[in-house]
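Structures for review follow.
What follows is subunit A paired twice: with subunit B in the first complex and subunit C in the second.
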Partner chain A sequence: MRRRRPGVFAWLPPMVPTFLLLGLFFIGPILWAAYTAFTNAALSGPAARDPEFVGWENFRRALHDPNLANAVWLTVLFTFGSAVIGQNCLGMLLAVLMQRRNQVIRAIVGMLVVAAWVLPEIVAAFALYAFLSGDGTLNAVLTTLGMEGQNWLFTAPMLAIILGNVWRGTAFSMLIYQAALSDVDVELLEAAQVDGAGPLRRFWHVVLPIVRRTVMTNLMLITLQTIGVFTLIYVLTSGGPGTASQTLPLLMYDRAFEFGEIAYGTAIAFVLLGVGALFSAIYARALRAEV
Partner chain B sequence: MTAVLPRRRPAAAYRRARGSTGFLEWVAIHSIALALGLMFLLPLVFVCLTAVMSDRQALTAELWPRQWQWANFVTVFEKAPLLTYLGNSLLYSGVATAGMLVSSVPAAYALARLRWRGRNLAFLAVVAAMMLPPQVVAVPLYLLWARLDLTGTVWPLVIPYLLGDFFSIFLLRQFFLTIPRDYVDAARADGCSEAGVLLRVIVPMARPGIAAAALFSFLYTWNDYFGPLLYTAERPESWTLSVALASFRGMHRVEWNLTMAATVLVMLPALVLFLVAQKTFVKGITFTGVKG
Partner chain C sequence: MAVIGGAETPARKAKWALLDVVVVVYALVPVLWIVSLSFKTKGTITDGNFVPREWTLDNYQEIFTTTEFVRALVNSIGIALIATLIAVVLGTMAAYAVARLDFPGKRALIGVSLLIAMFPQVSLVSPLFDIERALGLFDTWPGLILPYITFALPLAIYTLSAFFREIPWELEKAAKMDGATPAQAFLKVIAPLAAPGVFTTAILVFIFAWNDFLFAISLTSTERARTVPAALSFFTGASQFEDPTGTISAAAVVITIPIIVFVLFFQRRIVAGLTSGAVKG
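Right after this comes the complex of A and B.
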């Protein structure tokens, strides 16, 4: 019997849709966006019909735009607070707590955390909104306790969206870390314990070095995920009050689709991409530094 | 001399070290874990309880419903054309997921088990596209669909899935790589065509991976708000459930009990799907190749 080998072009037919997808929905739009960011394109008006090339004008404007500086800062704060600190640390804590524990409890806790993640972001946003808004439940409870309520979404909008994002996103880090921790050799931990290392030292000196790669990869994934978060913030605070929680995706949506300044909105999207690249570069460096 | 020393048995010593404090530690750690887990449940309980309250009681200090108004779930259907929105959501999620499977499974196979020049480059492009924040391409894509006169419908959201989905291609490829090459080679030796290898060997063996990819894309599209907001907001007949839900809050007087009842209805399919396919789901996540 003759052994059949795949034809030389067997790979081509299954890849055609993917190439179309890459061309139409990735490379094409990026090139288009890169060009548009240097024009004065708009959604309507004369600039919509016949956009002009304006060079670095949009980026020059961005540099002096207080709203953009504000949005960059809020995006970094949001990402650091909800992803790097919140999701990452809480996910690790949950994974460590549940490591080699009672199967039933493990299953229950895992289910509770992951359930929050499969729900629409809008549900998280609504729950927090109903709870924290001026005439929301928290204030009603505070009033019955004889305390003065306040509009939490006005006084602490960043805290609200960070909490919301931690609630929704922790599951991913937890699952990733659970998988990584199951690879850590039990004998190593036992040896460390016999040598008198407490739980914290065991985690810091034995577990963490082993799962370091996973931590960095996870950080990169959740960071890229978080800098693009739109729904949660849009529904919860719409970026407000004023611009107090207007992160880059919201600013970009506002400029491009509400004000129709397509070119400037696109320039903002590239700033967003830059922030993501910066975070990634930091993680990549941190990973290399200690090897 | 060292040979005379008894071998240390770390495992036994470890167990001994746990000894008396063992039980307390067990209780403490499990309680903390459970408490943390329950905190994740609180917002959900809050939504569900508010959904069955009277309008007057919603968002008051009384957290437990005085009377259970199950009728709220019926009333929401009278207040808004939820069935239309449900249809749109199902159209988006259903067609997108089915289309994704048809287009992404073969592509993932070509990326995992066929050798060709440019394969690594193509895979790299898929990963890069997967990581790209959606905002970067939002404007050009919107203009493209506007020019095709398809804004105001769900088609701009569905059509890309007919060509594939970057994350699904990535996930499926990772899964296909775990299927031993020998099976593929054996099928080829038996004269199986590449399509045959894919359909008779890879697909049956990769069923959990394919299920995970389908699950993810269904949940993602079901929960998606940015896309439907961008493309369907202008025409209420095209709204998906998520857009409709968000519009509830913009109404002149928000009836929170009904809004929460609608919220429960929207999240129910996602929750049920997750509970039914929890194992597949968790497996899919840990499979995204984060290990190593």
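Right after this comes the complex of A and C.
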């Protein structure tokens, strides 16, 4: 039996406020960015009052900007290191290890991990800053162990922000994988065990094929989240020292708000937008393929 | 239960216990460190001791006597509550339409809302800055509330429509047949069933608005609308040369308390809501 389709007056009115807001604060900024990126808009100076159309100038400049190439590379490194490798693998490992623990421990660990994850980003970033900086906890521990401390944020900025993002984001992957693992049929694993498969082989040949789709989905989600990470890096290193940890969001913010070159910053935002849209499209396709 | 089985021996138990400790320490140490910093005196703040040698409430006293922090706290509470309220009302309306009515482009709408929820917001900051200045919204409460609602709505609609689909709507018809008015049917039958979903969504939206730093730092310029996460980065201490670490820590602890309370009481709901998109695939 097919229900009659309701008229436009039934479904549209409740959607109107949502469409309006999305139009003004989501579609609007995207269109505005598309326009601004082709002007010389600035925060101050003559261009601030009367921005001129400059065609592809900002993008031409971006193409030859060594900082942009550096930022793209660092963004890829950051995303790959902290999301694809770090959060994803560690999340899966924790999910597998937590499976056989009793309820109480699962509950306690679950709560801690979730707490670390919904912590305000600025607090998490500041906590990591206090942990990794010159007089931080890490150095205090190292000194007790008889080792030389150092300012990690200065000597190993990329490592610091990658570890920071792994710490912050692993909970998400862990929770997703915990839910997926509980769907794995125990009998299948027991059968594999009877056939002589060790833990690693059981994971690789039995568990992984079953949760593969979840892994793909999770990878896309955390990739998108990680590409846009700003607060963590801004607080930990501000993209420095120099440009040693200046990923795309940091470069964009730096150009647009510190240098006041709104137009060029927007052009960089567009590069980021392009990367995000690319991943979004892949993700949407993956989702559609699953239905 | 266990994916990878095996007998429990004392040695194995010890290994597992060690693992638990490692995970807990890993998750907790950086957070406990700022709690510790917030209770340290100015003289001992850089001593590197995990437990404060001298406990003090000075840092807390200091932040609550500065307008800088108190004003930011008022902004934070007001902005997050208003954004949550409006987003939940609008989200409920839209999700109701999505869950109960069959209209063209509905599936695409759900897909697009997920895309928006995952969109790198940082790439929209500079155009939003321009637009808000043009509209006179820059550095005002609505200037933060409206973007928060906008970026929370897609996830709210997604979560809510998932909840609403589970509601047995025939009950509404049954209640009407038994003589209830439409309003009664909604209030007595449907509302109690929908409440948990709405509540979960409200928590998620509140956490999002409360935690945000990116919009708060780029769409405000004075104390007028600056929320605590943004205000934190302007803390300088009582004098220019004083290390603000203690007061920042205290402020960080204060804004974390509501989040911790939410996690303690509603952990399951938060997890279910936030991971629903990915788990359902």
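Quick note on the criterion: the second predicted complex is superposed on the first by the 252 of 291 C-alpha atoms of A that agree within 3 Å, B and C clash if a C-alpha of one lies under 4 Å from a C-alpha of the other, contacts with A are read in each partner's own complex, and residues count from 1 in each chain.
Here, a contact is a pair of C-beta atoms (placed from the backbone, for glycine too) under 8 Å apart; a residue touches a chain by one contact, two chains touch by 3 or more.
All values derive from a computational prediction rather than experimental measurement.
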item	value
Clash or fit (per the criteria above) of subunit B with subunit C on subunit A	clash
Touched partner set for A:R100, first subunit B, second subunit C, both or neither	second
Which superposed partner A:R202 touches (first subunit B, second subunit C, both, neither)	second
Contacts of A:W56 with subunit B and subunit C, given as first, second, both or neither	neither
First (subunit B), second (subunit C), both or neither touched by A:W11	both
Touched partner set for A:W73, first subunit B, second subunit C, both or neither	neither
First (subunit B), second (subunit C), both or neither touched by A:A191	first
Partner chain in contact with A:L181 - subunit B first, subunit C second, else both or neither	second
Partner chain(s) touched by A:F259 [first = subunit B, second = subunit C, both, neither]	neither
On subunit A, the residue positions that both subunit B and subunit C contact, one per complex	3, 5-6, 10-11, 14-15, 17-18, 21-22, 24-26, 28-30, 32-33, 36, 94, 97, 101, 105, 108-116, 118-124, 126-128, 130-131, 135-137, 140, 143, 167, 172, 175-176, 179-180, 186, 189-190, 193, 213-214, 217-218, 221, 224, 227-228, 230-231, 235, 249, 252-253, 256-257, 262, 265-266, 269-270, 272-273, 276
Touch list for subunit A against partner subunit C, complex	3, 5-6, 8, 10-11, 14-15, 17-18, 21-22, 24-26, 28-30, 32-33, 36, 41, 94, 96-97, 99-101, 105, 108-116, 118-124, 126-128, 130-131, 135-137, 139-140, 143, 167, 171-172, 175-176, 179-181, 184, 186, 189-190, 193, 199, 202-203, 207, 213-214, 217-218, 221, 224-225, 227-228, 230-231, 235, 249, 252-253, 256-257, 262, 265-266, 269-270, 272-273, 275-276, 280, 283-284, 287-288, 290
Subunit A-facing residues of subunit C, complex	1-5, 16, 19-20, 23-24, 26-31, 33-34, 37, 46, 48-50, 90-91, 93-94, 96-97, 101-104, 111, 114-116, 118-131, 146-147, 149-151, 153-154, 157, 207, 210-214, 218, 229, 232-233, 245, 248-249, 252, 255-256, 259-260, 262-264, 267, 270-271, 274-275, 277-279, 281
For the subunit B and subunit A complex, residues of the former touching the latter	8, 10-11, 13-14, 17, 29-30, 32-34, 36-38, 40-41, 43-44, 46-47, 50, 58-61, 63, 103-104, 106-107, 109-111, 114-116, 119, 122, 125-126, 128-129, 131-144, 160, 162-164, 166, 169, 188-194, 198, 219, 222-223, 225-226, 229-230, 242, 245-246, 249, 256, 259-260, 263, 266-267, 270-271, 273-275, 278, 281-282, 285-286, 288, 290-292
Residues of subunit A touching subunit B in the complex	1, 3-7, 10-11, 13-15, 17-22, 24-30, 32-33, 36, 90, 93-94, 97-98, 101-102, 105-106, 108-116, 118-124, 126-131, 135-137, 140-141, 143-144, 167, 170, 172, 175-176, 178-180, 183, 186-187, 189-191, 193-194, 213-214, 217-218, 221, 224, 227-228, 230-231, 234-235, 248-249, 252-253, 256-257, 262, 265-266, 269-270, 272-273, 276
